[in-house]
Structures are given as structure tokens and as C-alpha cells.
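Down below are the structures I want you to see.
Same chain, two partners: chain A is paired with chain B first, then with chain C.
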Partner chain A sequence: MIMEKKSIQLRKFFKTNYTGWLFNLPLGIGLLVFTFIPVICSFVYSFMWKYDGFTFDAWNFKNYIQMFTADWDEVSRSFLNTVLYAIISIPLGLITSYFLALLVNTGLKGVKAFRVLYYLPVTIPAVVGGLLWKDMFGQTYGIFNRILGVVGISPFPFFSNAKTSLFSVFVMNLWSVGGGMILWLSAFKNIDKQYYEAVQIEGGGRWAGFLHITIPMSTPMIFYNVIMSTIGSLQYNGTLTFAPNDGRGWDDSLYMYAVKIYQDAIKSGNIGYGSALAWVFLIVIALITVILFKTSKWVFYGEEA
Partner chain B sequence: MSSKRRVSPLTVILYAVMVILTIILLFPFFYMISKSLMTSEEVIQPIPQFLPKKPQFVNYISLFSTNDYLKGLLNTLLVVCWNMFFVPLSAGIIAFSFAKLEWKGRRLMFALMLGTMMLPGAITQVPLYSLYFEFGWIDTLWPFIIPNLFGGGAVYIFLLTQFMRGIPKEMDNAAKIDGASALRRFFAITFPLSKAILVYVIINVFLAYWGDYFGPLMYMHRSDAPKTFALVLFEKSLDENAAMDMANIRMAGGVFMSIFPAVLFALFQKQLIDGVMVGSVKG
Partner chain C sequence: MMKKIFSLILMLVFLCTAAVGCAPRRTPGGTTVDPEDVDLNIDKNITEEISILIPSGNANEKTMIDALVESFNEIYPNVTFKYSYVAVNSYENTIRNLFRTGSLDDIVWTNSPDLYYLADKEIAVNLNPFIEASEKAGVFTVETDFYKEFFDVASVNGGTYAIPRSADSVVTFVNKDILAKAGVDLDEATTVVKDGWSWDDFLSVCAKVRTYLDQNGMSNFYVCDANLTAWLSTNYPILRSYGADMLDAEGKCAIDSQQTRDCLNMIREMVEKRYIVDTSKESASSFETGTSAFLFQSASISLYANRPALKNKIDLVSFPLIQVAQSPKIGSGIAGYSINVNAKNKNLCWAFLNHMLSYDGQQAMGSNGLNLASIRKDLSDYKVANWGKGYESINLAAYLYGSEYKIAPDYLSRVDVSYKSDLDRALKTLFNNACNMSKTVEEAISTCVKDIKNAMI
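What follows is the complex of A and B.
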């Protein structure tokens, strides 16, 4: 009796829901095969000592222990590089693109053409950008040092010196400042003009409008940007395209954590250790994201929120 | 400044700043194009040159008469064309199930999908490599073909869902009353009406696979593997010391790779910028 009732219920459930599930099936299969199973596998692999994709020695925590002992020099170096890169490049990108957006947010003639020109470098594929900047930043044969020579400045080492490498990456990244500019412009566009009129009526000038309207109204945008660029910058592996020594830079000055995972897991075939590196990374990224959300009281979501 | 209308000094300064910035930001483009037109002798000069004595357009012919680049281009075209068709189609079908169909479990699947958007690629990258190894997909193009039949990424499905939710329900309901099946309603009504956002998805799919060097770098190891154009260019740029005099050909490759994204952006500015906005509003 109960069984029969259940089977009728099941049949009814199937009848009313099967179209939805059928259309959603590609997502279900995709998530299962290409996301959930790999995530679980990665977790399992991380406990397999010396797993190279075929055999392993034992089940233990040695992969995790190795990170903080034998391999600590490289792990800490690449982690610090990555964090330093993120901490400087995110605010630098936000601020420079903000001023660029202000510059092209005027009603001047031809300003739209300038927006397109500023965005162009963003459309360049990363591998081409890397190739080009490596060439232009060459210490002896690079065009930038020729330009500096004309002004009477002695050759700058750029990527050929551990001390100037990271700085050179920031200079290079400024080239694609147009990406942030577009986001800022859309944020400005969403701000109701009435607010600025209200400020004017109250006797406030441009500066007051900027401080009390533009900044608070842009905070959801800033927050979204900070979250996305944090997750993005921490996984940065673009150094592969331009940094000397297999993407590590001089004295490992450009060795990023994501590149280390690639080098250890794929290039050296140490799947177990690479998985452990990735899991520690996931936890760090998750922690940073949680902290960012917890400290997001400064974000202004309008009156209704 | 003898014009009758008075131009404020601020306007002059603004224009000057904009022009200077344009020169700075466009200089690398200029240099890349210029270098791609130099002779092999000119690129190995101890003092780097700004301009070729005589533009060597023949460099672009040499680029594609080298087998590597030509094969690379064909592989890239195969991957790009496949995905420009199947990613919007499969993402559209999934988005339709979220936006237009009523079924139990819909919210759960949507939440699961959004959850994966935050997952760092580094976590799945290593086990996916093992998985594809098991499938025998290493040194083949399958890793860029098969996984994209399943929606091709949460971002695209999310954007399509949001857009489809904005299409009035009445149209779908009317067709339902007339007895049209879900598949029919998708292909005849919802999918065509999503044209605006589909353009955005298609262009982004193109940009993603046209420029992708890291994916192929992961899965292509043998020298006779089907490498994409981006990977060929990447590998050529690594052994720069071995063949300094080929820098002009490499630059020609770079120019060639940059033309299509730049033209696409110039043509579809509005859709691309609107897409960026939709993406940012969700935050």
C-alpha cells in the first residue's frame, strides 16, 4: 500500500518536473563531471604521498607537511609575491582607472572616441601583451631604454633584476587601465542626476557632490570590483608570458603561487603535492573573501537595503 | 587661438591630457606593428629601431608559410567556431530551464551553479588534468570541445538567465496554451528574443578561446600535439635568445592575434559594455 502510494507520488513528481530537469541536465552533468568530481579527487589526491597520476607511496599528511618544511622557501616566496602583487595592483588599478573614468566622463566632443582608444589595450590577448612587453622592457635591446637614453636616463633593468621586476609588472598593468574605466563609467551612469542637483541646491560644489554622492553611490561597484579582482589577482599566472626563468623571474621575484601549482603538479607531474598546494590556496582565498564580506559595512546599498 | 568662440583653459588642458594618454597607451601598438614590418637584420640591431626603413609586408606571408603558425591557426579556428556555436546553445537551454520552466530543485541547482563561480580554477585544474589523462585527452583538442557542451561556464548561464527573466511571461504562456512544447517555445520564442545577450556571450567566447594559451599549455605536451595559435606564439616567445632575428615574425603573429579582438570591440562596443554592466550589477 505505502509502496504503491510512494510510487504514484514519484510518478506525479516526475510528470510535473521532468521537462525542467531535462533542460537542466547539461548543467547537472557538467557540474558533476567537471567540477564536483575533480574537487573531491583533488582533496583525496592531496593525502596521497608521491602521487604522480599512476602510483603513490602512502596515505598521509606529508604533502601538507612538506609545504611548511622542505618546500617552505618556495611556498612562502611565491605566496608573498602573490599577496604583494594583489595588495598593490588592486588599489592601483581602482584608483588610476577611476581618474581615467572621470577624465572621459565629460560632455566634451570626441570623448567617446577616447574611451574606445583607452579600452583597446584590454582587448589584446595576454600572450601577445607578454610577448610585447618583454620585448619593449629588454635591458639592452628594449625600446623603452632607448627612449630613456634619449632623455638621459641610464638603462632601467625592468624584468632583468629582482628589485625592479614587480614594479615593472605594475607599469605594464597600467596599460590595461581601460578595463576598470569601463566599470567606473557604468557606475557613474547608474547614479541619478537628481542627487547632484540636490547637492547644488544645498549650496555644495563639485567636491561635495563627489564626496557625498559619487563615492557612496559607487561603493557597491567598488566592493564588487575588490572581490573579483582579489580572487583574480591571487590566481594571477600571467607572469608565465614574460618573466624570465620559466615565468619565475630573477631570484624568483615574479614567482606566483598559481605558477608554482602549475610547475609542481603539471610540469613535474607531482599531482599529490600540487593538489595539497591548491587546497591550502582555496582555504586562503575563501578566508580572504569571507573577511572582505564581513568588513563590507562601508558598502551603501541605497535606502531600501 | 584666434577662434571667435572662447575656449576655456580647462577644456584645452583636458584635451591635452587625453591626447597625451592616447599617445602613451597606443605606443605599444605602434611599436608592435612597426617591428612586425622590419627585416631580420633590423630587429637584431644593437640600437633598437622605431621604424623599418622599408615596411616588409612579406613578414605576414612568412608567418603563415611556417607550418607551426598555420596549423596553430587551424586548430584555434576549430576550437573557436565549435564553442561560439555550442556554448551559447547549451547555456541557453540551461538558462531557459531556470527562467521559464517551473520545476522542483530549480533553486538548488541555481545556487549550486552560483557557488562554483567563486571556486578558484586552481582547485579543479590538477584533477581535471588527471581526468583528461584517463580519458586519453592529453595532446588532443577534446578538453576544449567536450566540456563546453555543458553550458561553458556559470557566468554565461547566469547572464542568460537574468536576461530571459526580463522577457515578458505572456509570450511564453500564450504559446503554452496553444500547445507548444518546451523545446519549441525555447527555439521559437525565448532563444531568438535573447539575441542582445547572446551577442555578448558569443563575442566573449571568441575572445576567451582565441587568446587562451594557458589551457593548451596544460594539455599539449608532445611536439606534434594540435597546438593553438596562442600556444605556438607563447612557445616561440620563450626561446627568444635562440632566434632573436625571428622577432619580426613573432610580432607579426602578435599583430595578427590582436586585430580580431580589437575590431570586434570596435564593432560591438555597446553590447560589450552593457554586458559588463549586467555582470557588475549582480555583485
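What follows is the complex of A and C.
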């Protein structure tokens, strides 16, 4: 009797929900096969010592121990490079894209063309962009050094020198600030014009409007961008496409943590160790994200929130 | 309640799928074939398909195998072939994924460094039983019919894991036009630029070319193409010629030695004299564009001889012999084909590789115009054999010069194969730093020691 009742309930459940499940099925299968299973697998692999895709020596924590002992030199170097990159690139990217959005958020004639122009580089695949910049930063034949040569300035080494490599990456990244600009623009467009009118009535100018309306009202987008660019910057592996020495740069100046994961897991085939590196990194990123959320009282979600 | 049951079922499916996906895979049988299973007398009318994995982006390899397939089909008309491709720079990763999913081809293209991977991971068949059976049947004798040194390069711990399809050796590509203008004696009877020339001879020619370039407004050009110190097949033999090595017999780091210092000091002298480029700068010249006098390569002559800047201007000589430690080395290696341990019909695959080694097979491959030196001794006369066609006036014998000097990057035989890419990078970085005048030899060596130690963690 109970079984029959449950069977009817189950049939009813499927009957009322099957359309929704069908719509979700492609996404569900995709997430399961291409995200969840690999995530679980990598967690399992991280406990396999010397796992190369074929066999492994033992189940243990040696991959995790190795990171903080024998391989600490490389791990710490790549991690510090990544943190340095993130610390500079996040504010640089946010501020430049923010001010770019402010510039193109006007009703001036032809401003739409500028919006398209600034956004255009974002449509170019990152790999192609990396190769383009590698070429443009070439020491002898790169377009920048040719221009410098014309005005009598000696060539700038860009990626050819450990001291200038990271700076060159920051310059290169400005190429894609159009992506952030679009997000800011969408935030600005959502700000009710009544607020600015109220500022004018109170006798405030443009600066007051920017300071007291634009910035507070766009803090949710600022927060979103901070979170996304923090995660993105920490996972940065773009150097693989343009930096010498297998993406590590001269003297490992561009050796990012994500590049190390790639080198260890894919190039060297040490999948177990690469997985352990990735899981530790996931924890670090999760901790940073939690800290950012915990300190997000400055975000203005409106009066009701 | 229903939702809970449904979630539980989903969770179980998920965990089972994950467990299946995560499980390590290995071929149970290993790489050895029972000699009794070797059959050289395959029915000529056999109907079967063989799949071959060849390098992508290499039209010449494809046309060469096409020619070989055509010739093979004259004997086995009902055997069809299916090609798939592998990018050379992601070779291991692709092979690993294909093998794990059971979709690796029957016959797999490989080269001398990647061969260690196929052997270590038990992906390729140890071909010794097939070779022994063929020798016993009088098909060939490796020792007398072929340039055996290439078979040695294809062996790992006594097992042969690939068949070399040609004799690949580093030679010196010479721009005769630049040398003649620089006043270098090119008279056949008296010139030093000939097979077996020494490193000192080479440096003396470099000096003349440098003077010529400087006196004719080409001071930003270099005597040698940049790949002399950027390629494992050139820098490792140079290192070994000085008596230095990456690792000792026990696989421990051996790079910190006086021999390494001598070698790197010689390289720095070449940079100082502007024979080769300082790696902190870009080279303004290259052999391809006709603005460097020398290139060290194992590539086919046809890839360079018809370039507009080089037409009728190039010749070949052997790699210069460095006599410092009385054991000069010339870089060599193999490109060839292995049989997948999971191949459906290994005997048929061997019949194909056997045909590749045969007189007819080598002649067929030589007919595609790639001009790679034949592995067969009876085809060594390039003025007669197909592989020399069209280039009879060029000294193609340079490819086959000095069997006793040939060496491949063999340090991988002394360590775990998973160290390969990091060790290769360590050696490349060593030479790169040696050519960087903002660094010292001691800095270059200490970086290399650190890199080798990191590689072998």
C-alpha cells in the first residue's frame, strides 16, 4: 500500500516537473561531464602519488607535502608572482575601465563609435592577442621599438628582460579594458536620472554627482568586478601564449601559479601533483573571496537591502 | 520525499560515473609480444584497416606516408589506411588521452625524445621479436643493411620501440654565396668547409664572414642562425663534445663541472665576436632569409634549397667536430613509427613498418620529394637513390657522415621519463643564459643546477 502510494507520488512528481527537467538536461549533462566529474577526479588524483594518467605509486598526502617542502621554491616563486600580478592588475584594470566608461557615458556625438572601438579588442581571442603583442613588443622589429628608434630612443626590452616583463604585461592588459568598460556602462545606465537632478537642485555640480551618486550607486558592480577580476587575475595563465621559456618569462619573471599547474600536470604529465596544486589554489581563492564578501559593507544595495 | 530519492539516485549515478572516469588505466599485457605470435607470412589478400597517427602541420610527412601506402598496397591491395594527426608540441598529452580512451591509432609517429614516453608508459610494442623474426627469415640484417646507430637511438633499455623512417642527423647548411664573398676558400681540393671539418676550421670561417659582414654594412647580421644554441640537437652534442653532461651515470645532476664552464666560455666568445646573437637581443638575420652563413639542422635540403633567398646558393657539410675532449659528437635522432600495444593486428602493422624499411619502401618515400636520407646502406648513394633526386649537386652525404659521432639527448635513459620536459628546458635555459651577456657563466650554471634539481623532484 505504501509502495503503491510512493509510486503514484513519483509519477506525479515527474509528470509535473518533466518539462523543467528536460530543459535543464543539456546543461545538467554538460556540467556533470565537463565540470563536476573532472573536479571530483582531480580531487581523487591529488592523493595519488606519482600519478601520470596511467599508474600511481601510492595513496597518500605526498603531493600536498611536496608543495610545501621539496617544491616550495617554485611554488612560492610562482605564487608571489601571481599575487604581485593580481595586486597591480586588479586596481589598474578596474580604474582604467571605470574612467573609460565615464568618458564614453556621455551624449556626445560619435561616442558610440568610441564604445565600439574600445570594446573591439575584447572580441579578439586571447591567444591571438598574446601573439600580436609578442610581435609588437619585439625588441628589434616590434612596432613600439621601431617608433622609439625613429625618435632616437634605444629599444625597450619588454618581454626580453626579467625586470620589464611584468610591466609589459600590465601595458598589454590595457588592450582589453573595454570588457570592464561595458559592465560599468551597464551599471551607469541603471542609475536613475532623478538622483542627478536632485543633486543639481541641491546646488551640486558634476563632481558632486559623480562622488555622491555615481560611485555609491555603482558599488554593487564595483564589488562584482573586484570579485571577478580577483579570481581571474589569480588564475592568469595568458603568459603561455607570448612569454619566452615556456610561458615562464626570463628568470621566471612571469611564472604564474596557473602556468605551474599547467606545466606540472600537462607538460610533465604529473597529474596527481598538478591536481594537488590546483586544489590548494582553489582553497586560497575561496578564502580571498570569503574575505572580500565579509568586508563588503561598503556596497550599496539600495535602501531596502 | 520523492525529491530526496531522486537526488540520491542522481548522486549515485554521479559518483559511479566519476569513479569510472577517475580510474587509472594500464594495458595488462605490457609491451612484449610473444615471439611465437609473430607471423611474417600474412595473407596478401587480407582485408583490414590500419590507422596511422602522423604529425599535424607537416604536409611532407603525409605525402611521404601516402607514397609508402601506395607502394604497400601493391603487395596488400585490400589494406586501407586511416590517418589522424598529433601536434608535436602537445605530443605526450595527446598520446596519453588517446591511449586512455582506447582511441590511439595502430601505428604511431614518434621521435627520439618522445620515444622514451611511449616505452615508459607501455604504449608502444617492443619490436625486438619482429626484428629478430625478420632477421631469421632473411628479410634484413640490421647490422649490415641499415645505419644501425639510428636503431640504437630507437631503443630504450634494450627494447626497440620505433622504426626509424630515415637517417636524421644534424648537418651544417652553408650559404656558399656569403662564404665566397667573404673570401673563404671553397675550392674542393683545398677548402676546410668539407665533411669532417673541425670546430677550429669553423671558427676561422666565422671570423672571415664576420669581417665581411662588418665591412659591407651588415653589422646587425650574425654569422650563424640563432638555432645553434637554442636547439637540443645542437647544444647537447656541443656540451658532450666538451666532456660535460647533464646527468651522471646514476642520474644525478652533473652540470656543475669545469667541462661545462669551458663549453659555455666558448659559446660566450662566439657571442662576443658576434658570430651568434646575444639572447637578450633579437637576431636581425636568419639563414632562411639569406642573411646568415650557417644553419645547423637535420631538416631535408628541399625545405631550404628552393627558397628565393637561397636558390643555387647552399650546400651541406657535416657538423663541425669539437675535438676538445677527443670525443666529438654530432646530433642525431629519429623520426619513425611505433606500433600501439593495443593495435588490432600487430603482424599487419609490422608488415607495414617492414615495408617502410625495404628497398622499395624507402625508394617510394624518397619519391615524394622530401629528400630525407635513407636508413638503408644500399641507398646511400644519393646520386642514384630517389631521396637525392633533384639535389645531386649538393653534398647530401653530409647527413650520413660520421656514424661513430652520432648522439641523441640520451640523458632521459638515466631518469624518470616524467622529468623530460623540465630537463629539456633546463638545458635550453643553460645555453640561453650563456648567450646572454648580462649574465655570467656561474649564474648560468647555478640556474641550471637549480632547474635540474627542480625537474627531478
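In this section, the second predicted complex is superposed on the first by the 271 of 305 C-alpha atoms of A that agree within 3 Å, B and C clash if a C-alpha of one lies under 4 Å from a C-alpha of the other, contacts with A are read in each partner's own complex, and residues count from 1 in each chain.
By definition in this document, contacts are C-beta pairs under 8 Å (C-beta built on N, C-alpha and C of every residue); 3 or more make two chains touch, one makes a residue touch a chain.
Keep in mind it's a predicted model, so treat the numbers as computed, not measured.
On the shared subunit chain A, the superposed partners chain B and chain C overlap sterically. Of the two partner chains placed around the shared chain by superposition, chain C is the only one that A:Ser160 touches, whereas chain B remains out of contact.
Once the two complexes are laid over each other on the shared chain, residue contacts for A:Gly53 go to chain B and to chain C alike.
Shared-chain residue A:Ile87: touches no atom of chain B or chain C. Using the contact criterion defined above for the overlaid structures, shared-chain residue A:Ile37 touches chain B and also reaches chain C. After overlaying the two complexes on the shared chain, residue contacts for A:Phe13 are found with chain B and with chain C alike. In the superposed pair of complexes, A:Asn24 makes contact with chain B only, with no contact to chain C.
By the touch criterion defined above, A:Met221 lies against chain B but remains apart from chain C after alignment on the C-alpha atoms of chain A.
Counting residues of chain A touched by each partner, chain B versus chain C, the larger count belongs to B.
When the shared chain is aligned, no partner comes close enough to touch A:Leu287: not chain B, not chain C. When the two structures are aligned on the shared chain, A:Tyr262 is found in touch with chain B, with no touch to chain C.
When both complexes are aligned on chain A, the segment of chain C among 7-15, 61-69, 79-87 or 151-159 whose C-alpha atoms clash with chain B is 79-87. Looking at chain A, you'll find residues 13, 33, 37-38, 41, 45, 53, 138, 140-141, 266 touch chain B in one structure and chain C in the other.
Every residue of chain B that touches chain A in the complex is listed here, in rising order: 11, 14-15, 17-18, 21-22, 25-26, 28-29, 31-32, 35, 46-48, 50, 90, 93-94, 96-98, 101-106, 109, 112-113, 116, 118-131, 133, 147, 149-151, 157, 182, 186, 207, 210-211, 213-214, 217-218, 230, 233-234, 237, 240, 247, 250-251, 254, 257-258, 261-262, 264-266, 269, 273, 276-277, 280, 282-283. Per the touch definition, chain C reaches chain A in the complex via residues 1-3, 5-6, 14-15, 17-18, 21-22, 24-26, 90, 92-93, 96, 100, 117, 121-122, 280-284, 418-422, 425, 429, 432, 447, 450, 454, 457. Interface residues of chain A, counted against chain C in their complex, comprise 6, 9-10, 13, 32-33, 36-38, 40-41, 44-45, 48, 50-56, 66, 70-71, 73-74, 138-141, 157, 160-161, 245-246, 251, 263, 266-270. Interface residues of chain A, counted against chain B in their complex, comprise 13, 16-17, 19-24, 26-31, 33-35, 37-39, 41-42, 45, 53, 100, 103-104, 106, 108, 111, 114, 116-121, 123-128, 130-136, 138, 140-143, 146, 175, 178, 182-183, 185-187, 189-190, 220-221, 223-225, 227-228, 231, 234-235, 237, 240-241, 258, 261-262, 265-266, 271, 274-275, 278-279, 281-282, 285, 289.
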